[in-house]
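Each remark here refers to the structure printed beneath this line.
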Amino acid sequence: MTDRLTNGYVSILHGAGYVGRELITVLAHHPALSLGEIVSRSHAGDPISKAHPHLRGVVEGAFVDRLTDLSVDAVIVAAEHGQGVAAVQKLLETGYEGVIIDMSADFRIHDPALLKTYYGWDHPAPALLDEFVYGLPEVYAPYPSGTKFIANPGCFATGIALALAPLAEHLDITRVSVTALTGASGSGARPKSTTHFPDREGNVRAYSVLTHRHLAEVAMVTGATPTFVPASGPWTRGIWGTAVANLPAGFGPEQVRTWFEEAYAACPLIRLWPDELPELKPVAGTPFCDIGWTVHAGHLVVGFAIDNLLKGAASQAVQNLNLLLGLPETAGLLPSAITQATSLA
Amino acid sequence: MTDRLTNGYVSILHGAGYVGRELITVLAHHPALSLGEIVSRSHAGDPISKAHPHLRGVVEGAFVDRLTDLSVDAVIVAAEHGQGVAAVQKLLETGYEGVIIDMSADFRIHDPALLKTYYGWDHPAPALLDEFVYGLPEVYAPYPSGTKFIANPGCFATGIALALAPLAEHLDITRVSVTALTGASGSGARPKSTTHFPDREGNVRAYSVLTHRHLAEVAMVTGATPTFVPASGPWTRGIWGTAVANLPAGFGPEQVRTWFEEAYAACPLIRLWPDELPELKPVAGTPFCDIGWTVHAGHLVVGFAIDNLLKGAASQAVQNLNLLLGLPETAGLLPSAITQATSLA
Amino acid sequence: MTDRLTNGYVSILHGAGYVGRELITVLAHHPALSLGEIVSRSHAGDPISKAHPHLRGVVEGAFVDRLTDLSVDAVIVAAEHGQGVAAVQKLLETGYEGVIIDMSADFRIHDPALLKTYYGWDHPAPALLDEFVYGLPEVYAPYPSGTKFIANPGCFATGIALALAPLAEHLDITRVSVTALTGASGSGARPKSTTHFPDREGNVRAYSVLTHRHLAEVAMVTGATPTFVPASGPWTRGIWGTAVANLPAGFGPEQVRTWFEEAYAACPLIRLWPDELPELKPVAGTPFCDIGWTVHAGHLVVGFAIDNLLKGAASQAVQNLNLLLGLPETAGLLPSAITQATSLA
Amino acid sequence: MTDRLTNGYVSILHGAGYVGRELITVLAHHPALSLGEIVSRSHAGDPISKAHPHLRGVVEGAFVDRLTDLSVDAVIVAAEHGQGVAAVQKLLETGYEGVIIDMSADFRIHDPALLKTYYGWDHPAPALLDEFVYGLPEVYAPYPSGTKFIANPGCFATGIALALAPLAEHLDITRVSVTALTGASGSGARPKSTTHFPDREGNVRAYSVLTHRHLAEVAMVTGATPTFVPASGPWTRGIWGTAVANLPAGFGPEQVRTWFEEAYAACPLIRLWPDELPELKPVAGTPFCDIGWTVHAGHLVVGFAIDNLLKGAASQAVQNLNLLLGLPETAGLLPSAITQATSLA
């Protein structure tokens, strides 16, 4: 163990994928949390830096094939969709009593109708489902006292829901048109034809057009469903999207600015760009969601950008952990204080 | 001169940029047209392959500083926007009497209101403007007999107009939401901050949101103006976009298919992808416009893709040249016959 | 069948990969050769444009599961390494009597010692081996009269051998140090971890350091073996490399220039860049091998660049076909005459 | 000012470029150092996050047009080459008495012959030159007591010198052949033709072949000059290179391993990869220099990789600062302790 002061130990299940890699990286640099066990059945026994070579010299130790230490303060389940329920059930059966952050989609949607429409699924563990809170902190935090289980939001869902939530009471979300593009890391660490370099480089490809499952989360947050064209783009990290809406008569840029500034006044991980759309690259590698907008001739375009592996997955999980464990919301994500570049004089 | 049979010589003004490069490349391989003079004031005297090194061994000769041979059959003016009028006027003053294809925006828009809205411009040569035909062949060809001057369409305009033209009589285009992304070659051969590799790679950036000038062309072709969010993406060649619309009650995928198939039945350079959206890469390097669509729950998404330097510029110019000179529409753009892979038996 | 005049029909075995794709593309545009059957067991029955979507509208017909028409003039075997022998044997057993171009490594190396060292292989069909000529035209053409079978060279081997062949009688090749990087298309169309976009983009990776099999071909051409560090780079098409040597006392840039100019005086697909090293991109998409050099303080650096799928595979195969069938060497690869941009006057 | 404990304030001259950006980023997260003034004449008055948008929400304050607070503990001069001398002279004239890290090449080379050969320069301030120590910590630290001025090494020089230094007493460095490729961020933040996206993407280009100025630094560190072919590659961050040498008779992989392990036993920012060459991407974004090697048939290939903006510039500057200010060498660069992923039990 390190000799630093720690407010908690965090173990990770399914730690050999890209989300696992980012979780380990963030937690290794966290000032108040320490890494517990990193589980990966397929990589058990391998040094962690074999699957994650950029962590050589930063993180030591090896993957283990199952959790043996149930005394940790939190477990993050980075399983693929459909495997979260079983992983969580097993964890509880073994007697684990701490915090759980589930990265899969399995505990996000509570509405049976949405589950049916988007997942074709009757939830296999509805009682457990009720104990999970949907972990979009800018909309739902502070979480109810006693919350121990968090369903971490999807990557597209995070960007779209944060872009639309402040508009939901002012506009008809069903008439909003969303387009968003994601990088190749969103498809995970396993090679596929859609991430084969010669076919991904220089290419854009739409998929799950109008039917993407993350729409269920957007519907849950905003109460309605926009159209959504998801696509994949030729880069590794980040989601960039736009939402186009008609602005009701009488509303202009000032109202839009007020809506967003009021919604996110207390949110250190939202950056607003009034009257311009955010670019993708400045948000890559950061825990922020950038949101900007333009108004012209009665139309409103809202742009949003996140790092799909961070605000769309790992940093949002740590943000949620911080909130559940009583730490500052941005601990491990931003410097302990906003740096002020200035003179001493 | 080459010893091949030629149906005409074509000279190029402003031949040192990316559009010039593509024009030279296409014409060098054209079975029935030959290259005349390649003019570039800034590169005059340089071998053509100095500015266009991939053409070494394919095209010989040097850039000249002005057109000296007025007997050619066609001149393509690859000037930047705003310089087309002066270039064409000068060409006519010197006594040139052949075909002109202007690549700039200067002769595209005839409606003074659109010119005012999108360009802030009273056209400086309205009489000349009337002699130009807007060169979107799939919509406007065959051109009126005697047409000698073509205003070659803009790149975004080509993709959007071809995607929307078949819908214009069935849907309210003003409620269609278009998003499209273009590669870095669309910004030309001169380095700029928006094409600086470290800032372009891994980045997406919106610009001219809701106000892009190519909307004037779309309005001219379809009679109405959609919303349009243009953006730049991290690749070199190609435009990829989508148009999202509500489908009126009673219409489904069959009608949409009929609309597109009827509109483009005789168009060899349109490729339709029913019930899927086209990808970008299969159209890069080709003279095609790919169009596909998806219908779901009353919404229609139309996807389109072109190579911005080819169907969005150079190959469309040659397509127009072919039509004006009485050659097959696809001469120099496709093999002389569709190749049939099969047995001899 | 097309109605164009044809000097021959060419069928392709294993036509669904990247080399197959390029062969089909080149042959579809060839002025004197026509496509016969395109065989792919795994894609049999699929339209050719399903595996090769950029060819929609250019090539029609479907993949077949085996060659049925043995009357074609040539068959190109685009099998993977190790499968060439069996494919050729089967072809001959069925009674095929035409030209064969084998793209695999199986018939390239005739020296049993090199075969043993680099492939660990006793050749399974040595009699057949003797009938194959190594198809590096700039070194070995004109081929012996009656040549019907060509072993098409490897991609790295093509670049390195062409860069070193003119030096072999002047320098000690065993003391030359070669480094070369290849794009992801060199790994083929099947997704692998080394071509997974998030791991390939922004990455460089060495492999087969000092032991790459293409050294056997270089040794065969130059009579000696340089050191060779192969690596993969983050792009799709092209090989770029350098060879560093000591220049014997008394030799300078003029001698080097003479060596290359004399070696390649009659080679239309070699482009020489005296006193500068070629860049990669101007050769991508072309059938050329670019070679340049720099001399400083007794050291010589030779640079070379090819498109790995063209001069490193498909266009070299067609170049070889042209030579065997008595067509101009560059038919289908360059315009029928070098275009001279000039005036008519 | 922040309320965190600080062991020093650090100001930056020329803070609007890429190296400035990385310096600000590293220092903003440093546990023991705080940012002082960020100077940029061209951006004075602008928020720092305007030039460096990814720092919005992390660093506040604006660029200033000159240093006003001379009480800071260190100043990093991120001027371009040739501007370092004047910047340092001015700083001293104003009475500044603290530590200086100069990022330019101006104070690196002390040998007049090397300066003449590689820079064509008689040093304008030889007395000042003598006060600067060349800041390659793995070779030269601990620095002489009282050292206050550091010349921070060049990016290529860092990688090559660290790869060759352990070999210098065993091999003839003049017969070593080095090839290395750098990303586009190495060319700085100003757009140039060599970093224009359409010409950089998919391209590799050699430059300063056999004459690159960083050879002067390599010669200073190793006592001899290898051949060096520098090239630029299509990525943003990182340098990847190889050095090829003949291994004297009697030496094998074990000796090579011993040489490197002994040389860098106490170096936390060197990662060794015995018997394999490091890849580029795992080092991008990290402060490490990765070094690996392969031995075959009497030849040794050493591979090296660094992030050109970090170990090749900004993180090495902070590493040097840490050493001069008595902080742990890796403060602000690695977590305070190596994280051990393990169980509590």
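Order of writing sets the chain letters: A, B, C and D. Residues in each chain are counted from 1.
Just so we're on the same page, a contact is a pair of C-beta atoms (placed from the backbone, for glycine too) under 8 Å apart; a residue touches a chain by one contact, two chains touch by 3 or more.
Since this is a predicted model, take the numbers as computed values, not measurements.
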Between the pairs B-D and A-D, the one where more C-beta pairs touch: A-D
Chain whose Cα centroid lies at the greatest distance from that of chain B: D
Between chain B and chain A, distance of the C-alpha-averaged centres to the nearest whole Å: 41
Chain B and chain D: spacing of chain centres that average the CA atoms, whole Å: 47
Chain A and chain D, separation of their C-alpha mean positions in angstrom: 34
Set of chain D residues in contact with two or more other chains: 183, 201-202, 234-236, 279, 281, 284
Interfacial residue positions of chain A with respect to chain B in the complex: 177, 179, 181, 183, 199, 201-206, 209-211, 227, 229, 231, 233-238, 240, 242, 244, 277, 279-281, 284, 294, 296-297, 299, 301, 303, 305
Complex contact set, residues of chain B against chain D: 18, 183-185, 189-193, 195-198, 200-202, 234-236
Complex contacts: residues of chain A adjacent to chain D: 1-4, 9, 24, 27-29, 34-38, 48, 53-54, 56-62, 64, 68-69, 71-72, 268-269, 271, 279, 281-286, 288, 334-345
